[in-house]
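One structure coming up, written as structure tokens, with questions to follow.
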Amino acid sequence: MSEVREMIRVDKLNKSFGDLHVLKDIDMTVNESDVVVLVGASGSGKSTLLRCLNFLEIKNSGTITIESENVEKETHNLNKIREKVGMVFQHFNLFPHKTVLGNVTEAPIQVKGISRQQAVKEGKELLDKVGLGDKYNVYPSTLSGGQKQRVAIARALAMKPDVMLFDEPTSALDPELVGEVLATMKELALEGMTMVVVTHEMGFAREVGDWVVYMHDGKIVETGIPSDLFDHPQEERTKAFLSSIL
Amino acid sequence: GSEEGSTNTDSGEAEAGGDYNLIKDGKLTFAASGEFKPFSYMEGSEMVGYDIAVGEAIAEKLGLEPVQQKAKFSGIVTGVNEGRYDIAVASHTITDERKEQVNFTEPYYYSGPVIYTRPDSDITSADDLNGKEISVSRGSSYVSMAEEYTDNIPQVDSDVVALQSLASGHHDAVITDDITGITAIENGLVIENRGQLGVSNQAIAVNKENEELLNAIDEALQEMKDSGELAELAEKWIGEDITEEPETTE
Amino acid sequence: MLLSSLLEFYDIFVGSFDLFLEGLWITFKLSIASLLIAFVIGLFIAILKISNIKILQWIADLYIWIVRGTPLVVQIFILFYGLTDIFLIPMFWAGVAGLAFHSGAYIAEIIRGTIQSIDKGQREAGRSLGMTSGMTMRRIILPQAFRRAVPSLGNQFIIGIKDSSLVSFIGMQDLFGVASSMGSNTFNYLPYFITVAIYYLFIVLILTLIVNKIEKKLARSD
Amino acid sequence: MLLSSLLEFYDIFVGSFDLFLEGLWITFKLSIASLLIAFVIGLFIAILKISNIKILQWIADLYIWIVRGTPLVVQIFILFYGLTDIFLIPMFWAGVAGLAFHSGAYIAEIIRGTIQSIDKGQREAGRSLGMTSGMTMRRIILPQAFRRAVPSLGNQFIIGIKDSSLVSFIGMQDLFGVASSMGSNTFNYLPYFITVAIYYLFIVLILTLIVNKIEKKLARSD
Amino acid sequence: MSEVREMIRVDKLNKSFGDLHVLKDIDMTVNESDVVVLVGASGSGKSTLLRCLNFLEIKNSGTITIESENVEKETHNLNKIREKVGMVFQHFNLFPHKTVLGNVTEAPIQVKGISRQQAVKEGKELLDKVGLGDKYNVYPSTLSGGQKQRVAIARALAMKPDVMLFDEPTSALDPELVGEVLATMKELALEGMTMVVVTHEMGFAREVGDWVVYMHDGKIVETGIPSDLFDHPQEERTKAFLSSIL
């Protein structure tokens, strides 16, 4: 077997908003093809951690290593790093003035500079893959929430990222639409994509997750494989949290 | 005063038509208000009238192409001073204040400010003007005349505007040029002449730094006076010869 | 009596058509030129305002404060009569500059407002795809902001056209200038002012219809 | 050189103080009178617009359309020269009427907008307590609408004061009229126009501060 | 025992919004001191019925009799009728520009024309009664949802109505605030107030309701005392509805 490759490594990461200390000495490693599920109460810092990994928030201290490169704002082109790390948001954030295909081809053409034909070809393949082969030319406003989120996934995949971050990708969806998005994510995981997922969908976490990370008040309290962490939590706080949501 | 560089939009290689310092080579740019019938007024998009005819005749004499520029009366002297126009043929009365800003040629007509009122007014002469509301054109020499009688002086942007408001019932009196008043009456305004406030000399304003142009225009004017051409223009536009200096001036 | 004055008005209206057409053309050129420039100014100032650089924000604020704090006619007169000491602006361009300087501030506020009304998730989505800040602004934020700004911009354009009537006071023969001249030629202002009011009403009506149409068209994809 | 022209400007500024004070007084009277009347017109037209009576709505629409479709300067001139056949409006009141007629339409739209922005639950609560329609409007809806309208009304009042400069073209010696006359008498426009710009900036600044203060005070109870 | 007095009688009431027929031949009687609880799925017409009883909506056909008077828009002063019938809304609809006391005294002073002193005296008593004796002079924006709703109840009571209508008075409240409002309503019921209440609070319906009326699609499907209707519904649709919410 080949050696395990480290995709993301976080050491002593700290992040504050003004006086509010939101992330406190976070250490975390994500290996290639890992699916890490981040759980924790509202306000515990899950989104902030994810956003730090994508440099939408800039850390106060600590190191973030992406594919063995220690990324610092001062020395790195963050846009280049962001190309490697795709992100899917709770509220989709599709571009309403572009068609579905336009959403997917925008960044490859503008950022990577690949040709329009090539981008359209790849974009159509991705949309087919997420089950939206018949929606190329419609505008996002005509789609259901589940369809929007699948477009958002395709849009992030179009940049051929090495890691995908998902921030509660199904929380804004009507219950009957959650399944289709989770199915798409599961497929992605099976293909070997490295993923960090914030979600309250415990079924998904159990089935697809390699690791579950439980955060509380800006700290990582416990990490484990799903069956261990869900069924035999070690920490009191983890137990309390799990009993509140299950 | 204006700098030579800023007044020349076309760069100034002197042509054979005259080495005056003109805004546009070969062209005489002259300003008039276009709202002072019958001296200058609009016919289509062109100004016509006595002032305009004089301006064009002078340009011809100087071998230049006339270019008319419509402008608010109150800004014309400043415009000449600052080099926006070469000259102004705009019925300017020669006054000491204006002479500090621009040079004046010899008068090209003689006229006089007149008090106009509505027919039912009890103003019969200048003596009755005290404390009354007298409207005049902003920037005209009539402002200081009106100030001798009152401090209630609405100022508008043309003499015709003042006369029109007078006729519609506003103000007590308007001081303006005799001939403009007569033209207004001919055009149906119901107003009356209640006395002349002296005689004034109207002349062409020229930028102070353009002595040669001033001299050339004076020469041309004299020629036109001698040949009767100027009187003819007056007859044509005004209906009488106003180019002769009256016997008595103040 | 009423009929005869209506007939008289009709004669004046028809008889002055050619002249007003020329005035209309000047109003048109003037409005287009000034509004295009105002748009560029407005965009520029809006970007200064949302930049995070204090001094640039301060410049934008100062500009907007001066424009909103003084009457348009003062601005036009300063440009036309005032600045001649420093440099001489031809009449047409003084008018254009005055109008553009003025509208620019209002357009800046409209654009800034709509840019800030775009959900910040849009910016984050752009950035997370590796787009630069400028690329995100140009390709993601501005196109959406412009759509949203159409009604307000349209309104501001209409105001700009009406405001252009003030250039007649520096001597231009725009629509209103023609009406003034005709009024003073004939010593009879009212019919010409009513005529010119009709022209303006008509222009504004047409423009309102166009703006509404564009609005509807853009709504399609929202 | 710069210093000497600054000194010259200072002399002009100080020397013209008395005259500008008179102009300021006229601008002040004119603005207050026209804005009070405009407010009454605006309230009246807003109520017509939200009435359910087609013909009243139609009248309100027509009025607003005419005002928004024609330049203010045309409106002032028509009132000043035009209506003299029917009745003569003194210069001051022609100015007041023109400005009020104009601002009235904008104020009407502001008031209508804020009335309609008041949650309809407020009306229902009033009606369900046995209040009449008029009582509910007067005691419940309008007080809330006015509070909400303060920023926009304040803005419109500022615009009104700047617009009042146009009465100088029917002969009034308001702030701008004084500046024009001084400029043309002295053949030196720039310092007077800059002086008058400073006066306007100052007025607008003061008013902005007052509006902000009122806004804050009203926010207390919201 | 005294004879039972009919407070509200509804016969063959119909109401449409344009083409949408919302109330279909409603018959209903509310006697003095009755507490009638109206239940039914969203859109079944509960609010519309309540609003018709208060003449905020005007019926298309049928008759509404309030205290033995057949009320017709043409012949009656609806404002007078509304004085007799108090209404409490889901979203409180307090007057934000008036203090708590001002909210309560406004209508008595303006509509009934009673003196300010008298209105203030009575208003304070009512506010004491709903437990807000210390809030006379604050503005509504400073109150919690539960406090707001209690002010709204006091405001309606200030007009001394004979009937009180409540349209989901607790649905806009955080769970922990529901209790205080229900307690106030229960107290009112115990004092003998005639009440018609639209609510999803089945505990309240059981404990306080004299009658439960189940509406479906603009019709009254079933009426009964709470224990019967909740525990032994007769109609299939009632059963289905109850199983969906209990």
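Just so it is clear, A, B, C, D and E label the chains in written order, and each chain counts residues from 1 on its own.
We take it that contacts are C-beta pairs under 8 Å (C-beta built on N, C-alpha and C of every residue); 3 or more make two chains touch, one makes a residue touch a chain.
Keep in mind it's a predicted model, so treat the numbers as computed, not measured.
Enquirer: I need the common contact partners of subunit C and subunit E, sorted by label.
Expert: Common neighbours, subunit C/subunit E: D.
Enquirer: Note the rotational component of the Cα superposition from subunit C to subunit D, reported as an angle of 0 to 180 degrees in steps of 5.
Expert: It works out to 180 degrees.
Enquirer: Out of every possible chain pairing, name the one holding the most C-beta contact pairs.
Expert: C-D
Enquirer: Can you give the whole-Å distance between the Cα centres of subunit D and subunit E?
Expert: Those two chain centres are 46 Å apart.
Enquirer: With chain centres defined as C-alpha means, what is the inter-centre distance between subunit A and subunit B in Å?
Expert: 80
Enquirer: So what's the Cα centroid distance for subunit A and subunit D, whole Å?
Expert: The separation of the two C-alpha centroids amounts to 55 Å.
Enquirer: Which integer distance in Å separates the CA centroid of subunit B from that of subunit E?
Expert: Each chain's C-alpha centroid was found; their separation is 83 Å.
Enquirer: On subunit B, where are the residues touching two or more other chains?
Expert: Where subunit B meets two or more other chains at a single residue, that happens at 75, 78, 157, 161, 164.
Enquirer: Among the residues of subunit A, which ones contact at least 2 other chains?
Expert: none
Enquirer: List, in ascending order, every residue of subunit D touching at least 2 other chains.
Expert: In subunit D, the residues touching two or more other chains are 81, 85, 169, 180, 183, 189.
Enquirer: Give the pairs of chains that touch; include all such pairs.
Expert: The list of touching pairs comes to A-C, B-C, B-D, C-D, D-E.
Enquirer: Within the complex, which stretch of subunit A touches subunit C?
Expert: 54, 56, 79-80, 82-83, 85-87, 89, 91, 93-97, 106-107, 110-112, 139, 141, 152, 155-156, 159
Enquirer: For the complex, give me every residue of subunit C touching subunit A.
Expert: Per the touch definition, subunit C meets subunit A at residues 119, 121-122, 124-125, 127-132, 135, 139-140, 143-144, 147, 221-222.
Enquirer: For the complex, which residues does subunit D have touching subunit B?
Expert: Listed in rising order, the residues are 80-81, 84-85, 88, 90-91, 169-173, 177, 180-181, 183-185, 187-189.
Enquirer: Show which residues of subunit B lie in contact with subunit C when the two form their complex.
Expert: Answer in residue numbers: 2, 6-7, 34-35, 37, 41-45, 69-72, 75, 78-79, 82-84, 157-158, 160-161, 163-164, 167, 184, 187-189.
Enquirer: Using the touch definition from the top, list the residues of subunit B that touch subunit D in their complex.
Expert: Interface residues on the subunit B side: 74-75, 77-78, 81, 97-98, 100-101, 135, 138-139, 143, 153-157, 161-162, 164-165, 168-171.
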